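These notes open a run of structures that come right after.
Two complexes, one shared chain (subunit A), two partners (subunit B, subunit C).
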Partner chain A sequence: MRKYLFVLLALALAVGVFAYGCAPPEPEPEPDPDEVVDVEQDLVVAIGAEPENLDPLKMMSAPAATVAEHMVENLIYLDVDGEMQPALAESWEAAEDGMSWYLYLREGVQFHDGTPFNAEAVKYNLDRFLGVDDPDSAAVFAFLLGEVSEVEVVDEYTVQIHLENPFAPIVSHLSHSFIGMHSPDSLEALDEDEFAEAPVGTGPFTFASWDRGNEIVMERNDDYWGEVPQLDSVTFKFVPEGSSRVIMLETGEVHAIMAVPPTDIDRLEGEPEIDVVHQTSVRVLYLGFNMEEEVFEDVRVRQALNYAVDKNAIIDTLFQGVGEPSTAPIVPAIFGYKQVGPYEYDQDRARELLEEAGYGDGLEVELYHPTGRYPQDDTVVEAVQAMLAEVGVDARLTTYDWGTYLDTVIVTPDEAEHDIYMLGWGTVTLDADYGLYALFHSTQWPPYGNNVSYYADDEVDALLDEARITPERDVREDLYHQIIEILWEDAPWIFLHDEGQVNAVRSNVEGLIHHPLENLSAWDAWIE
Partner chain B sequence: MKRLLLSIPVLIGVSILVFSIVRFIPGDPARAIAGVHASPQHIEQVRRELLLDEGLHVQYYVYMSNLFQGDLGQSTFSRRPVATELRERFPNTVRLSVAAMVVATAVGMTAGIISATRRYSIFDYSSMVGALIGVAAPVFWLGVMFQLLFAVQLGWLPSGGMGTFRHLILPALTLGLATAALIARITRSSMLDVLRQDYITTARSKGLIERVVTYKHALKNALIPVVTVMGLQFGTLLGGAVLVETVFSWPGIGRLMVDSILARDYPVVQGAVLLLAVTFVLINLLVDVIYAFLDPRISYGTREVE
Partner chain C sequence: MRDLELTGKTEPLRRETELRQVMVHLRRNRAAMAGLVVLAIFLFCAVFAPLLTPYDPTGTDLSRALEKPSGEHLLGTDELGRDVFARILYGSRISLAIGLISVAIGMLIGVPLGAISGYYGGKFDLFMQRIIDILIAFPGILLAIVIVAILGTGVGNVMIAVGIASIPIYTRLVRGSVLSVKEEGYVAAAKALGLGDLRIIVRHIMPNCMGPIIVQSTFQIATAILWAAGLGFLGLGAQPPDPEWGAMLSKGRHYIRVAHHLTTYPGLAILLLVLGFNLLGDGLRDALDPKSRNSR
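== the complex of A and B ==
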């Protein structure tokens, strides 16, 4: 009897689980593959990863930025060319002493929930981002506003941002996608979880739904203060597998995909109905020298190794042509960039320089690198190893998993075991300060900084400091040009390549913006 | 009941194993999770959340006591409760696995029975070769092939995502095929075994028509090993879902796990592994019970029926 009861119970459980599992999925209008092309203006984009969260306090990734910027706007917008465009702030200027910045806000703008956008709203958002009330709850990216001491409301449409020290890159940092302006009412009224699901901003699209793991849908904001988009809706689908994204594009289930797998690029380029779009990214990949090592104190050795590496061969064979040999320590999309390179592939010149430096008989180095972190990282290093061997440099490789690797190379010079290390850096603020200061200023040595080369040059330090406190953009730009020239000549790295990004779009879609920050923006897009 | 008690140590073992994952990452887990751009404050925050500065026993105690309150921690990536993430995704995985099981059972048993009754026929050979391929073909390859055939070439079915019933067909087919192949082979050999038994000969000699012999007398007994395999396979399906869900962008536990591993989101990985392990144990328990029901000779009680 007991046995039967047990069986009955088990069956009930089984039926329960089954019924739960078979519950009809939420009805959701799924366009027929054939229809999509004719359907009015409903754009569908497939991206590789899902936004982790849309709360500015918790955002960390490019997918989050891509989705969020359709609904939530910044004070300042950095366009594809790295130019600062007025967004919710119409203009801005530094105070005389450089210790604060004035932002003059756009008037008559409303959040999606009807709350007016004004100086109070800006203060509320920035204070929340900085964790003014509770430092523990500051945003993951709060360091972007690290120099801000106070946000002051001057009048209804003027905000004054006070700084600890003069810090000119602040305006670039304010344009970062994670510092969007949300409706303070929504922040207060909704509990955090709900808010994170449904951001309320001022942007050209409003939040419609988020089916976790599947897609986010946004609808046109007809009351948008700027030019109202032509699209009725934008949907971002999350498709982690690259080849699956390609298939969805080919069948017409989606209109555009991000991050085309290198192996599919050639094939897609042959398809008449699909346009392949190449864009730069903001990330450079490099092999840094440990300049505290005697051998790398000699600039000729550092330059020689730059000449010895064939960057084009790496890009062509390992990356199917995606990416460019580095022409500066930062990529062209960054404010302050100047083209000074690349170091041409020249084995004779490399041998000559090594000879002059007294290493004509060859030299041995320890090359540390991570695996599984950057695209093809270990293969790139092996290629470099082979190229270095040809000029008599014997590089011994040490491979680590990412976590261990960081602990091994981001250490003080005394603890360093590496002669050469591999790292990448994305200048996500699109401002040279974040790329050059963090990586080359002598105050930024590990363990607390990212100057893993232990680079120290008084002139570079002075120029970097000056560029930080100089509000005039053209003057700053010139300072960064000088810095880049010095760095290039000094060669603290083997400059490898700028990572590229490749998207693909069906040819009946026009006006998509492919941004170097790996954002795909649809507010100017339409479907023909 | 004894079975139920036996699964407790298994579950404790799983919890310890799962708990250890994050502690065995080489290097500083906090730094690995937070990433290279992270500020020292953020690394410190992650470190505090994971209680990395406490002793291992303290960490385990806190982990377990939270677990019993249904608190699986917070995702370091999405910053949402792990339990919420799992609750959203689990039904999708169950839906996919159940659909795959239906496919596997229908296809597998049919093929198995026909092969057994028409032994050495063309159908027998071709279905057994098909089964061999089904078992051997990697799931992700099969998935991509199905996408190419049914979505790109024929345009009959959507290639991925979740929504209508049509979205379910390809992933369920992909996931179920290997199991179908296995079920077909087990059904066939089990049927052949039973068909050779004396009581079948008796039944036949009584003049019963072949169909009755096959489906009424032989099938029920032949099903016992099949059910066992199905039960065990159900657990395997949950695991296989990791690949299929990734290929077909199906928002289930498997994909959540892959995404979380890539994002180094260890609390979610822990939670997902734990959930799958618990499900696996429960299903095995269920199989044991059904098994006893189908075969009265088996008893898990204190008295042996012999």
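== the complex of A and C ==
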């Protein structure tokens, strides 16, 4: 008897659940044709990785820049076409001797907390970035202003930046998203570990909330000095899995996603409600060697691994043809680029070189990589693992999410556990100095730099130093060509590919800016 | 002493009939036999995997990625062009090994602890059972995740983690059985004869607890395989390129819209293997229980 009762109950429950699932949705009220329908202007964007920090001293990645630039503005803005546009600085000019630059600031701008924006604020921000008071607390990206000797307040709205040498790329460096102008008050609080996650800038949106691991919400700044955005709010959700991002876009949970998984591109392009946006990128993807490891001190091993990887197959299969095999440590769009590659795919050559280097019997390496940060990152690494295995290199994979990953690989050589690491670098200033100095100059070793390969070469150092302070464009260009040639032979990385960006947006969203710097900007956007 | 030796001699005979009875009963249970057949097939696949497929489970061929099932690739290929059928075959080695070894670990530690705890009782029992309470308070898979987080990822550590997570189950089970068995007359007799505790536990008590242990182990293997697949899915188990089913599911779900075979077949493999162990376990439970045996 009890058994029957149980079965009956179970049946009733099942039917109930089913009926609930099938219930027709509540009929939506018919829109009144006379009434102007206001669409909620709350834009939601899904991106793969979470900003590791929004403090300019600690920002390190494009996701951080993408979020930050909605709230915090730069002196100079690099637009989609690669042109320098006035932002908080209305104009700028070099002194006649080239040893300093004058910046003329926009008047009448206020930070979100009401503090006026002026020359003092600029000086405060730049000094903090450079670590003037305490060199140990300089920004990870302080090299951007490496040649700056002093920031001088000339008058309320004029700043003079003094240089130790005529530093050619200074203007493009000032456009870097990590040198945003924050309210000095908020930075002071930040240094005392308060408001560590709430940037106070001058931008079109203000910080609302940050739910770690989930989303950052920003609201419209009604007092914005420029054109006030139409959106009420912008939310960036962090969704590491590409397929999950796609599903969220299709169900309308989000309005736009970055980095569409290649296998979904074709399908999304066929959907009328969704626009797929292709954009170039300034990012190269690579697998860097830890050159403090004995095995990678030998250039033959480094070259062998370059020959062992079939870059074309990775692009064609894993990216469905989006992107190009790398032909230099920077992408072709960057000033100073020279085509020197790619390393052809040649397993025999790889085996030969390994044999010569004394690793004919094989070799074991630890390969660390992030997941969700770069398109197909973990799949690319698995493909490389299989390719390396074919020449006798056994790569053990260790996966981390982005934040943990950075903490794990951006460390001193003593602390490094990895033999090979995966990273990408977008030369977002469009000038080779940023791409090459930061990654290959021997002063740029972690933890206060991005030379994660611990690369050190006197000749490259000298050339990089010279190129930094050479005003003549063609001479500089030639210097970078030399550097690129040396680096290519020296192979501190397995050069993988130049990325291509594929984003997708619901078709009722207009005005989003898909930037080659891998930023998705929403200040001009609206929802129809 | 003479009496004891006598029982010692007659024991094999008695056991044989017991075993025969169990087998007869098990054979009558169709579901259990189906489970046994499924397990036999998987075992065969695991052992003879290299003979059943010409493909290397870790050999990639990017030019043939994400192909649908065909004559050449029975269950299609994955995102790196690896043969899914080969990966499932070789994957059964990993899953079976994890299931068997982790259960062995759990048993080796859990059974003696339970036996001692139940036989001696008192403060040791009290203390032991509180520790077991703490372990039981964690859901098994969660405990396994914590242990893997401490030990690091990899198949070996998954075995240890799942093994440790199944200790409390055995300890409780055996303690319960021992508590009831130790009140039996023959245990009192053995004690009266002055036999050592160890001998009483091993020779007289444990054989009478074997039924529940065998049944539980069958279910526990199924659970262990599920947990291991779960850990693999979370990226905590077998590391690439090992063809572990849970990890295959995890990778394959990215392609579920374009290539469902990457998730369907590893999922089916997990389902069938776990089902096989559970059916067999059900059958064994009935067969080993004299009451249910007699009632039919």
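Heads up, the rule we're going with is that the second predicted complex is superposed on the first by the 278 of 528 C-alpha atoms of A that agree within 3 Å, B and C clash if a C-alpha of one lies under 4 Å from a C-alpha of the other, contacts with A are read in each partner's own complex, and residues count from 1 in each chain.
Keep in mind that, in the parts below, a residue touches a chain if its C-beta (ideal position, glycine included) is under 8 Å from a C-beta of that chain, and two chains touch if they have at least 3 such contacts.
For clarity, every value in this text was computed on a predicted model and none was experimentally measured.
*Asks:* Figure out whether A:Leu318 sits in contact with subunit B (first) or subunit C (second), or with both, or with neither.
*Replies:* A:Leu318: touches subunit C, not subunit B.
*Asks:* Touch test for A:Pro261: subunit B only (first), subunit C only (second), both, or neither?
*Replies:* second
*Asks:* Counting only touches as set out at the top, which of subunit B and subunit C does A:Leu397 meet: first, second, both, neither?
*Replies:* After superposition on chain A, A:Leu397 lies in contact with subunit C alone.
*Asks:* Where does A:Val80 make contact in the superposed view: on subunit B (first), on subunit C (second), on both, or on neither?
*Replies:* In the superposition, A:Val80 contacts neither subunit B nor subunit C.
*Asks:* Tell me the contact category for A:Ala95 with respect to subunit B and subunit C: first, second, both or neither.
*Replies:* After superposing on A, A:Ala95 lies clear of both subunit B and subunit C.
*Asks:* Taking the superposition as given, does A:Gln385 touch the first partner, subunit B, the second, subunit C, both, or neither?
*Replies:* second
*Asks:* With both complexes superposed on chain A, which partner does A:Asp211 reach: first (subunit B), second (subunit C), both or neither?
*Replies:* A:Asp211: touches subunit B, not subunit C.
*Asks:* In the superposed arrangement, which partner chain does A:Asp310 touch: subunit B (first), subunit C (second), both, or neither?
*Replies:* Once the two structures are laid over each other on A, A:Asp310 reaches subunit C alone.
*Asks:* On subunit A, which partner's contacts cover more residues, subunit B's or subunit C's?
*Replies:* Answer, by number of touched residues of subunit A: B.
*Asks:* For A:Ser243 in the superposed arrangement: first (subunit B), second (subunit C), both or neither?
*Replies:* both
*Asks:* Let me check the overlay on chain A: which residues of subunit A are in contact with subunit B and also with subunit C?
*Replies:* The answer is residues 241, 243 of subunit A.
*Asks:* Give the list of subunit C residues in touch with subunit A in this complex.
*Replies:* Residues in contact with subunit A: 58-60, 62-63, 65-66, 79-81, 235, 239-241, 251, 253-259.
*Asks:* Of all residues in subunit B, which touch subunit A in the complex?
*Replies:* My answer: residues 1, 25-29, 31-32, 35-42, 45, 75, 77-80, 84-85, 88-89, 91-92, 94-95, 97-98, 144, 147-148, 151-152, 155, 158-164, 166-167, 246-252, 255-256, 258-259, 262-263, 285-286, 289-290, 292-293, 299, 301.
*Asks:* Could you list, by residue number, the parts of subunit A that touch subunit C in their complex?
*Replies:* Spelled out, the residues of subunit A in touch with subunit C are 241-243, 261, 263-264, 267, 310, 313-314, 316-318, 371, 379, 381-383, 385-387, 389, 396-397, 399.
*Asks:* What part of subunit A is in contact with subunit B in the complex they form?
*Replies:* Interface residues on the subunit A side: 2-3, 6-7, 10, 13-14, 17-18, 20-23, 25, 28, 30, 33-34, 49-50, 52-53, 55, 57-58, 60, 136, 138, 140, 142-143, 193, 196, 211-215, 237-241, 243-244, 247-248, 250-251, 253, 400-408, 423, 426, 428, 448, 450.
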